[in-house]
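Both complexes shown next keep chain A, but they swap its partner, so chain B is in the first and chain C is in the second.
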Partner chain A sequence: MSTVSLPASSSAPRRRRRRRRHVPWGVYALLAIFSVLFLFPIYYLVVGSFETPADTLNGLRAAAPSHLTFANYHSLSQQFFSSTITGSLQGFYTVSTLVSLIVVVGGMIVNSLAGYALARMKFRGRKTLLLLIIVLVIIPFQAIAVPLYYMLSGLRNTVVVQALPFIGSAFSVYLFYTFFLNLPPQLEEAARIDGAGPWRTFLQIILPNAKPAFASVAILSFIQIWSSYLWPLMMTSQPNVYPLSIAIGNLLKQQSTPNYGEMFAFGVLLVVPMAAFFLVFQRWFIRSVASLAVKG
Partner chain B sequence: MSEIVLRDVSKIYDNGYHAIHNIDLEVKEGEFMVVVGPSGCGKSTLLRMVAGLETISDGEISIGGEVVNDLTPGERDLAMVFQNYALYPHMTVEKNIGYSLRLRKLPKEEIKRRVAEAAEILSLTEYLSQRPGRLSGGQRQRVAMGRAIVREPKAFLMDEPLSNLDAKLRVQMRSEILQIQRRVGVATLYVTHDQVEAMTMGDRVTVLRAGVLQQCDTAQALYDRPRNVFVASFVGSPSMNLLYAELGPDGTSLRVGSQNLEVPDTLFAQRPNLRAYLGRELVVGIRPEDLTMAGDGQTLVGRVGHIEALGSELIVHFGLDARNYVVEDKGGSAEEAEELLEETALTQHVRNVARVAPRSSVVTGDQVPFRVSMERAHFFDLASGNAIW
Partner chain C sequence: MVTLTSPVPQRRRRKIWTESRVGLTMLIPGIVLIVVFMLIPFFYSVWLSLHVEIVGSNIPIRSVGLLFYRHLFTDPIFRGIFLKSLENNGIFALVVVPVQTGLAMFLAILVNRNGAFVKFCRTTFFLPVVFPMVLTSLIWKAILAPGPAGMLNAALRVVTFGHFTPQYWLGNVHLALPSIIVLSIWQGTGFQMVIFLAGLQGIPSSHYEAALIDGASRWHLFRDVTLPGLRNTTIFVVMVTTIFSLQVFDQVYLLTQGGPLNATSSVMYLAVSQAYVANNVGQGAAISVVLSFIILLLSLIQRQVLRERVD
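Presenting the complex of A and B:
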């Protein structure tokens, strides 16, 4: 860091002001470029969804439209309004929400308990189990999709089957495991001495202090399940159990000439819940574990 | 009856490590017992075994006359203060203090009353609605104490509760903890590695080394009559000077390096067993305050290394041509050990310390005769390290 040389007479507050003004512009510029690169597709998606199909694909000019319209949303709702053949928007949302709810809530319960047991309890085979879980993290879902299909084919075209393989997640278990490992064990010991049993300790002492871990797992698993495509594609063939991601794919298939305006609008409908979910949980997601320190 | 009694208690870990060896210990009702020893000596393990956080491999622990070997920590009715306080970060001070009472399903009014009372004693009333994260170290320490006293437990267990505080606050909290303990009048087991803390706080002090109880007595008794060379060197600051020496065959002189000290007859009257060491090598221990510069009599001449002027006294480090006896595993905190190592490396043979009156005319590099009070010297067997009496 460079320092600014000042006349000896200058007062301390003034020096501080000067120093603060000396910002690393280069770094900021780089960050700005990356921000634009990352944000532009989202901006394009949102703006494009309010343009006529012709404008949507009008090159860079599409990014600065002169005329905005709700037509795409209107026609989407017309196409997917309470139809039993094509399915309805409400239906897709309901399925996606239900599946996500099962995965997120079920996952937080199952994976946090598993992570806690691995971090804190002493039992035979603990290390092997941990190693197995770490190995599972790196196995892609595609590799086990076909065996899973045969195992669960009896449950095809249900909401439950779309959620089932994703409730237990090796990655979430590992995330909880590392979090609990860093939580001071004295907290639990103090609770034990105060007379709390293992369940009460977990619910009243550990859980409230593990909000960042729970928020991280909730966000990551929600994003994964909300946008999952391969598994619902394999397991659903009826519009009443289609999640949003499948519906948007089907929209493309149904149109003889692709209506990109409508697809953009559908894309927005798909993304909005994810963004909302992230905004709700991000304050715990970002809050660092260090803020929980109990040391003096 | 709320005393803590340990009978023949041992701890052997699954990997075979023998952490605690057959310890017998009794903390009487209302007594403040300090367990002191170097890092890794097993003192915290011992405390955790009493708390029930660690199982015991052998022996029996009873609290208030009831054997608690198979009771869970919660059932033992103890309160424990941890080194890092272990306050629940998500609860307010009030909830932290009252948590154990809520678990015991006490009426709300009763909990409120007891928490308010504890807060009053600890001057925490205005912080009751705050969370621990917003409190200073000393305040957190008080909350931890509050959590302990509010339960009115059978015994207090404290695991180095002052080691996270700065020096000044530590001294202040020492007396606060003592006052609270006296007020509540509960048997207390207090673990520390700081021997000054041990000496100043404990009704009795237990010295532990490598899981073996060395001596348990009042601080003064430990200081005056250490049972072995380890206790002698561990207790007292600066610690006792320990030197290899040889008792003359006729018992009239003690040879320390190249110098001879006359041995008065009274010494053998005080320590009859010393006669068995005539003509043999042993370890002589001299406390720094038993080496003075004034007057005449028996002297040991040493070269002054460096001098610490403390105002009330001078700590004079000096070298002798005699070999120093080094106690392994004397320990202390890692920081202290490092300091000690640095110090010895710097001063080489300057390993002896005298505590002399301030404004004594002593200069680094001087050859100075230090007067020795032979009656107050300690003698230890070279092989066993046990004191000779």
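Presenting the complex of A and C:
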């Protein structure tokens, strides 16, 4: 697993070093144009959430509003007043957070153990299991969503069912497997000479050396589960177990004349935890995605 | 495994045995979850696609063989929708894969340098990746809103000095799929860019230096050093993007429900709407199975292409 060193001074071509004073204005201009294109929808979301309904959908003037208001956030909290009838903002947050926690923490535990066993332990059927994992990485969740819906229909409208199918993940197992495979075996040999059993070796020697792999799996599975839509759409019909994505999706689908300001406010609430998390742990986010490149 | 005549000493044999027991204990939780929630559903979907079941009725479940698969290609009404969805997925992939891969590579090359502004841009390009598709759909629904009040319509009007006629982007048979494509590219490019960035940093700087000594121009550096150095990364990105393109669901469901006139219907949207909305489970399962095999086939091709490189 490669770790990306940012910024990339080591691989910068010599050419640039030779012309140290040369400022690549062309590159900066292109970057500026693309930044505006990429940032604009986000800017629109944030600004629009503080505008009156008449201003949010008002051509270019929506991007430069005359005055800002908290009215959308206020009306959201009034609209979702009861946890059982309409669902409450607090409730949506709680469900999304709980589901993400179960998937991320549970997934790190079971998938790292499985990946470690596949990489380091000797047992019959290891190769077959590995092949199975590799094939299962490819199968998209959507392709098994329908049968899964029938298998788990007894658990509809619970928090657990929203997390259950995603804890064990062939993809995470594979990520851990490749990471552990590249770890020097001397680590374990040293531990074994000191008389440590396999479990203690894993907990005290392997875990501290596998932080990048754990961060990758945690971040990638968090992005995926926090954004998931199809599965909770199938499995929930009661507002008290709606995650954020379903609550906001319903708002988007139900309104025939959409109140964008209000929906934008909801959208901001949905993305703020994720965006804040990303900005703080940016290095790790980028590393975890970059680590995928080695796979194949 | 170990025969009686094996010279393996007692101690060693016991060690292997305990190790395999510990190994299995470590494996079991993860493997059980994966088998129960991935493997079994997959076989169940194959089974469902071969049987007919009227949900909530007393009519017994009946085996129908390959009926649902034949339906996909022969049923006069359904065939049209299925082929149209397949075609939409194809167009989506044919546009998104090259455009998004190219754009991601281009942006990765641009941000592969130092500086505060460059760092800011890197963050900016990656930021949409943490936006759930529900939210992306919501923002773009407003940007693409019909009439002169829509953001994109208003912007195009200004750029063309008032000559642009406002379009109903998501309601027009010719514009709906391109609109879905644009918002998908906005959301997905940052992810691929970061993978390319890692690929770029894996190219040894000595390759660039050697090329520079040979007097290579900037274009030649790109063609002879950067591009070959990114070969495996590109194959990986192309395959992942293709697979993602075949799974498009959320944005279609939220923004157009496959409309107008099936112009944006995707295979996955069709499968889910058949099984879940139309209660035609077998048909939905059959579509899922077909899609899984297409994806499996593409992945096998990817492995083959990657292996050629190693040989």
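One rule holds for everything that comes next: the second predicted complex is superposed on the first by the 231 of 296 C-alpha atoms of A that agree within 3 Å, B and C clash if a C-alpha of one lies under 4 Å from a C-alpha of the other, contacts with A are read in each partner's own complex, and residues count from 1 in each chain.
To be clear about the criterion, a contact is a pair of C-beta atoms (placed from the backbone, for glycine too) under 8 Å apart; a residue touches a chain by one contact, two chains touch by 3 or more.
Everything numeric here is computed off the predicted structure, so don't read it as measured data.
Colleague: Using the touch definition from the top, say if A:214 reaches chain B (first), chain C (second), both or neither.
Modeller: Neither: A:214 stays clear of chain B and chain C.
Colleague: Identify the partner contact of A:189: answer first if only chain B is touched, second if only chain C is, both if each is, neither if none is.
Modeller: first
Colleague: Return first, second, both or neither, reflecting whether A:253 touches chain B, chain C, both chains, or no partner chain.
Modeller: A:253 contacts chain C only, not chain B.
Colleague: Have a look at where A:50 lands relative to chain B and chain C in the superposition and call it first, second, both or neither.
Modeller: neither
Colleague: I want to verify the contact counts: of chain B and chain C, which reaches more residues of chain A?
Modeller: If we count touched residues of chain A for both partners, the winner is C.
Colleague: In the overlay, answer first, second, both or neither for which of chain B and chain C A:180 touches.
Modeller: Neither chain B nor chain C is touched by A:180.
Colleague: Tell me which partner A:60 touches in the superposition: chain B (first), chain C (second), both or neither.
Modeller: second
Colleague: One more residue to check, A:242. First (chain B), second (chain C), both or neither?
Modeller: neither
Colleague: In the overlay, answer first, second, both or neither for which of chain B and chain C A:231 touches.
Modeller: Once the two structures are laid over each other on A, A:231 reaches no partner at all.
Colleague: Determine where on chain A the residues touched by chain B overlap those touched by chain C, and list them.
Modeller: After superposing on chain A, chain A residues 197, 291-296 contact both chain B and chain C.
Colleague: Under the definition above, what is the set of chain B residues touching chain A in their complex?
Modeller: The contact residues of chain B facing chain A are 51-53, 72-76, 78-80, 82-90, 99-100, 103-104, 132-133, 136-137, 140-141, 147, 164-165.
Colleague: Flag every residue of chain A that touches chain B in the complex, lowest number first.
Modeller: 184, 186-187, 189-197, 200, 205, 208-209, 291-296
Colleague: How about chain A: which of its residues touch chain C in the complex?
Modeller: Where chain A meets chain C, its residues are 2, 4-16, 24, 27-28, 30-31, 34-35, 38-39, 41-42, 44-45, 48, 56-60, 62-63, 109-111, 113-118, 120-124, 126, 129, 132-133, 135-136, 138-140, 142-151, 164-170, 173, 197-199, 202, 223, 226-227, 229-230, 234, 245, 248-249, 252-253, 258, 260, 263-264, 267, 270-271, 274-275, 277-279, 282, 285-286, 289-296.
Colleague: Would you mind writing out the residues of chain C in touch with chain A in their complex?
Modeller: Where chain C meets chain A, its residues are 1, 16, 19-20, 22-24, 26-27, 29-34, 36-42, 44-45, 48, 107, 110-115, 117-143, 145, 148-151, 153-155, 157-158, 186, 190-191, 194-195, 197-205, 208-209, 212, 218, 221, 232-233, 235-236, 240, 243, 246-247, 249-250, 253-254, 268, 271-272, 275-276, 281, 284-285, 288-289, 291-292, 295-296, 299, 302-303, 306.
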